[in-house]
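Have a look at the structure below before the remarks.
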Amino acid sequence: MQPTSGKVTVDGFDMSNKKQRAKGRALVGMVFQYPDYQLFDETVYKDISFGPKNMKLSSEEVDRRVREAMRLVGLDFDEFAEKSPFELSGGEKRRTALAGIIAMYPKYLVLDEPMAGLDPAGRRAVLEMISEFRSQLGCAVVMVSHSMDDIARSADRVYVLRDGKIFRSGTPSEIFNNADELNEMGLEPPFASRMASELRRRGFDIPRGIYTNEALTECLAAYGKGADHV
Amino acid sequence: MVSVNNVTFSYENGCNALDGISLTVSDGEIVCIVGHNGSGKSTLAKMFNGLLIPSSGTVTVNGMDTADEEKTLEIRRQVGVVFQNPDNQIVTTIVKEDVAFGPENLGVPTEEMIVRVDDALKAVGMESYADSAPHMLSGGQKQRIAIAGMLAMEPETLILDEATAMLDPMGRRDILNIVKKLNKEKNITVVMITQYMEEAVFADRVIVMNNGHIEMEGTPEYVFSKGDELRAIGLDVPPAVELREMLKKEGVADCGSAMTLEELAEQLCRSLSKN
Amino acid sequence: MFKDITLGQYFPADSVAHRLDPRTKLVLLVMYITAVFIVKDLWVFGLVIAFMLFMTAMSRIPLSYIFKAMKPLKLLLPLMFLLNLFMVRTGTELFAWKFIKITTGGVRQAFFIVLRLIALITGSSLLTLTTTPVSLTEGIERLLSPLKIVRFPVHELAMMMTIALRFIPTLLEEADKIMKAQLARGADLESGNIFKRAKAMLPILIPLFVNSFRRAEELALAMESRCYHGGEGRTRLRKLKFHWRDLFAVLIMGALIAGVILLQKYYSFDSYIAAYVLKLLGKA
């Protein structure tokens, strides 16, 4: 995809320049919403090795990376390596797709709606995996999502897009401060920040910037004690 | 009334998707079926209108057995199903013609069909899109068209088989509101199959499925008071209940059985000002 | 990116041609093609061309849209013209130089072939430009419905066309997304010889096929859930109705065919003109 105007650079590589684009792409790993867009090969092993092979790595290196990627996404090598990606369950497919990108050791990992269509346990597992990649591989993660609760749990920085423009940017606490504004845009702010804003409306003095259950509970506990003293 | 009597179903590869399920859905009720991926809930959904026939046991819709091929059309008219992927259930290239697809198959006369299509599109708030091309609509709008397509057959029961799973929060909210309205105003029985626990809060009854059998059944209040049991089978509680549990555990406040943001805020107000 | 493609190049406008019943338009197209093929006289062809322009005017389609339909033929038309001009060797010789010979027959044939192609393309484009794919499908289904007697699956054919029209945009969009996903994994689609490139397409084609099969399965379930059981006992939301204008249009087209036949029977403009040209060249 090319911008119609402006310039996208990845670590200084101009993405509109054909030669530099390839180098830029190698740094960015992109995982799309549906794993079915990506899986194609006979076995899980071959599918995951597609990316690393395209990077012209030695076969030992490819093998090492595939094994590591499978371990990171929680797919048992002996059980899954020789399976066809098409006979996997939805969650396993997603793990395979993720592994296919992880094995390329991207410096930046871009995830487009990684949690869509998963059950609660699946969502938790994917979130945990993502933070694991960050700590183990040291890659930066860009997550595109409309699940504010997921974002609240994992992001350092949030950009809110509206009609193709950056509408707001900041830390989660800055962004989720204004629950009503996000609500109007059709986005659902994290539950804790909606709750905080509802309580404020009811006359409670809840400090701004609360967006997790933990913070809200702590604040309400203090509130309760404060009330005791009065 | 739909009743499922001791139904077992196994796929060709031998695994039991449903294992001795019995349940009844009464007229005018909203029932929510929750369960993790592969718990058998979608297989169950396909039983309700005879897309799948039980390996053993029976499913009856108003006394008609789904295994009776002569009754299939009438059962499918009475029980409408909206599926997960909005793209894969729209058949034609113009919205109103798609809504008319069901009535066309039933042989409804043209004059009546025009009225039904209009009414159905109005009921889901899509009347201004009657002449649009479906592929230009958003996911939520497509699902509304799919619901309208069912309404045009004048069903008694609407099954939503993870119909909100692929939608954004706004699309999900729209669909929920429409379904609630249809239940209230047209007394349509609703069976919602979902992975989003907050959608189950509005149900009259919640059925929790796990590995092909019913794990738990009861009012949302009851089911969501069993947070740990739900989490043990890969599910969760609605966000309000999650906060409620935490507040109770930390000894901040006991908010009873609040399940929505409003209820919880209400309870919190009361309990904190009591202090 | 593919969201705004229009299928079947329908051009929305309010004209007599747009309002004609699709069945009428299909019949008209068949009659028109007949007229184009029975013309043997180059000058009578003028009548057909005049009629073609008349139809275009009636449809209120801008000429630029007709030219657009001609675009794929911009190489073929001149090629056909030249081939016929040089290869056909009937009639009197007009010009000869070494192995190149141009004859009266060649000139006639060259003009004929080009005019015929233009007339055919304009005619059929007028049909698709003035008729939505949906009503076109419906028109075909109704027109062919007598074939049901001989067990020809008319309804099934129409249903297939409808579904194809419905899913082409969806599949194009999906192909686009798959392509991006594989490019992001370093797939190289642009270099290498033809075999290498064909092989490089596999990571795109396989997911596309797998997804299409799943789509087809889900669509079948959705259609069954909506009581689909073939064409038997089906009613339609839109009833096609013939109007006076439909009869009128068929009569005019009939007049064209009659005119062509009569003119050709009693006059032979070609022979007059050919004689005149030859006289001018002093070869008679």
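All chains are identified by letter, namely A, B and C, in their written order; residue positions are counted from 1 within each chain.
In the analysis below, a contact is a pair of C-beta atoms (placed from the backbone, for glycine too) under 8 Å apart; a residue touches a chain by one contact, two chains touch by 3 or more.
Quantities reported herein were computed from a predicted structural model and do not represent experimental measurements.
**Q** If each hop has to land on a touching chain, what is the smallest number of hops from subunit A to subunit B?
**A** Between subunit A and subunit B, the shortest chain-hopping route counts 1.
**Q** Farthest chain from subunit B, comparing Cα centres?
**A** The chain lying farthest from subunit B is C.
**Q** Compute the distance, rounded to whole Å, between the mean C-alpha positions of subunit A and subunit B.
**A** Here subunit A and subunit B have centroids separated by 28 Å.
**Q** So the centre of each chain is just the mean of its C-alpha atoms; given that, what is the distance between subunit A and subunit C in Å?
**A** 49
**Q** Quick check on the complex: what are the subunit A residues that touch subunit B?
**A** Counting only subunit A, the residues touching subunit B are 89-91, 116-122, 146-147, 149, 186-188, 191-192, 194-195, 198-199, 202, 204, 213-214, 216-217, 220-221, 223-224, 227-228.
**Q** Spell out the part of subunit B that touches subunit A in their complex, as residue ranges.
**A** 35-38, 84, 165-166, 168-170, 195, 197, 234-236, 239-240, 242-243, 246-247, 250-253, 261-262, 264-265, 268-269, 272-273, 275
**Q** Using the touch definition up top, name the residues of subunit C that touch subunit A in the complex.
**A** Interface residues on the subunit C side: 174, 177-178, 180-188, 202-204, 206-207, 210-211, 214.
**Q** Would you pull the subunit A residues touching subunit C in the complex into a rising list?
**A** 1, 25-26, 28-30, 32, 36-41, 50-51, 54-55, 86, 100-101, 104
**Q** Enumerate the contact residues on subunit C facing subunit B in the complex.
**A** Residues 3, 7, 132-134, 162-163, 165-166, 169-170, 173, 215, 218-219, 221-229, 233-239 of subunit C touch subunit B in their complex.
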